[in-house]
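As written, the chain order gives the labels A, B, C and D, with residue 1 at the start of each chain.
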Amino acid sequence: MASEFKYRRRVQFAETDLAGIVHFSAMFRYLEEAEHAMWRAAGLTIAERNSDIGWPRLGAALEFRNPLRFEEEFEVWVRIAALKTRTLEYEFTIVRGPTVIAVGTMTSVCVRKQPNGTMRAAEIPAEISERLQAVAQAS
Amino acid sequence: MASEFKYRRRVQFAETDLAGIVHFSAMFRYLEEAEHAMWRAAGLTIAERNSDIGWPRLGAALEFRNPLRFEEEFEVWVRIAALKTRTLEYEFTIVRGPTVIAVGTMTSVCVRKQPNGTMRAAEIPAEISERLQAVAQAS
Amino acid sequence: MASEFKYRRRVQFAETDLAGIVHFSAMFRYLEEAEHAMWRAAGLTIAERNSDIGWPRLGAALEFRNPLRFEEEFEVWVRIAALKTRTLEYEFTIVRGPTVIAVGTMTSVCVRKQPNGTMRAAEIPAEISERLQAVAQAS
Amino acid sequence: MASEFKYRRRVQFAETDLAGIVHFSAMFRYLEEAEHAMWRAAGLTIAERNSDIGWPRLGAALEFRNPLRFEEEFEVWVRIAALKTRTLEYEFTIVRGPTVIAVGTMTSVCVRKQPNGTMRAAEIPAEISERLQAVAQAS
């Protein structure tokens, strides 16, 4: 799973702040957009309607290396760092051409709705694991 | 119902854009925050859990008179312009001290979930009408 | 200028709210994204660096017809409704396939920074008018 | 500097997503709101007009322990973990009553605009260090 999925995007005006650059919280949304694009490329969706499975985040972290500005085009590279029984760990690199903008990680846990309505950590369904591994290897 | 409910707030950094002022889409979120604060003051919530009632928006409009900047304090004045059988119309004024920042309107419709899962326009429950009228008159 | 510029986009997760649909404030950001894409198609940018020209909004309005949901693809159609000496009026339609999601308008004013630092309404530069008219007619 | 600054806030509707809980990117904005409130309590602002000093982020990280929901009230506790020559490290805890929602860190660097317009890491001004230490000890 060393290969990476790439998501391409342009900075929108509302994502900038008074310092003239992309607000750091928007960078975390870029990670999520790339994650969900990778799921779609795998024939999956993170939010299947009427499913009892969910994917809350356990953690998210970014180190910022260079600023991004309005209308610049950039890529988010996604790598599946670990696909465990119940958790999914991603590594991300945001680049603008040859310039690294940020590097980071996110971890999600698979949860399943219990009969009493609460969510509880659950095994990642085999079909999801297999499809994510396939797209990570193919891209 | 000529009186107004007032909601006080400070501009946050992420709400500004590269022009150095509050992004216009954030102003619409300010209207909604003020609306929901008025509902709370009336002993209500717009999003009651396990309720089959919802309040989708039919329209929203703002005219912008003056810019708002980072850390400035402002007020949103909410007035119920019309409380009809199925719809609720608000008028808003955003002010910073004596300066009018923006004026606008929003209209929502009461919908009720049908047995087949779809939403359909429905009469506003009497208790909600009465409570909203009471808070609008009292404030 | 009856023709329309079309901007294509997919709904992102962070744009939804607890009602399960796109939050109405995100729809206003969609309008702006389409506006800026049209400017780029005209060889222009709304935020030229080191320019003394700016484009604050005078007004924005949307009527909502149908909900948009996570991962749905939609188009924003932009039409220049009026290109006056100092102001620019747009009309927008957001569609998902044959379904109209929302219709709306936005008006911006051209301002120029004065020697004392304040902004003041100014004539829209001829080159900008011509390029916007050309892209509106060509698309 | 073991004491903590506390910032109180209520969850707004637009901060939730279709999973019915606060979107994780909004939690990062909560950290920043708390940081800026602490600066104000110290008699400072992170974005002084006409200043040649800036505070870009080097990193931000959160671990999520429990979900936050619409209209819930919560606190962000801010602690200055390290105040170095050029960098400022914060630790954060987001709590709702006795429940820990998230814990995290942010690091910013002080930069100063150079004569050629670029930004370069610079010593944190003594007055800022002293005021931040004073508010951290007092609260």
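The working rule: contacts are C-beta pairs under 8 Å (C-beta built on N, C-alpha and C of every residue); 3 or more make two chains touch, one makes a residue touch a chain.
Just so it is clear, the model here is predicted, and its values are computed rather than measured.
The interface with the greater count of contacting C-beta pairs, when A-D is set against A-C, is A-D.
Greatest Cα centroid separation from chain A: this falls to B. Separating the centre of chain A from that of chain D, both taken as means of CA atoms, is a distance of 24 Å. Chain C and chain D have CA centres that are 33 Å apart.
With centres defined as mean CA coordinates, chain C is found 28 Å away from chain A. Multi-chain contact residues of chain D, defined as those touching 2 or more other chains: 13-14, 18, 21, 25, 29, 32, 47, 70. Per the touch definition, chain A reaches chain D in the complex via residues 18-19, 21, 24-26, 28-29, 32, 47, 54, 56-64, 67. For chain D in complex with chain B, the touching residues are 12-14, 29, 32-33, 36, 40, 45-47, 70-71. Only residues 13-14, 16-18, 20-21, 23, 25, 70 of chain D touch chain C when the two sit together in their complex.
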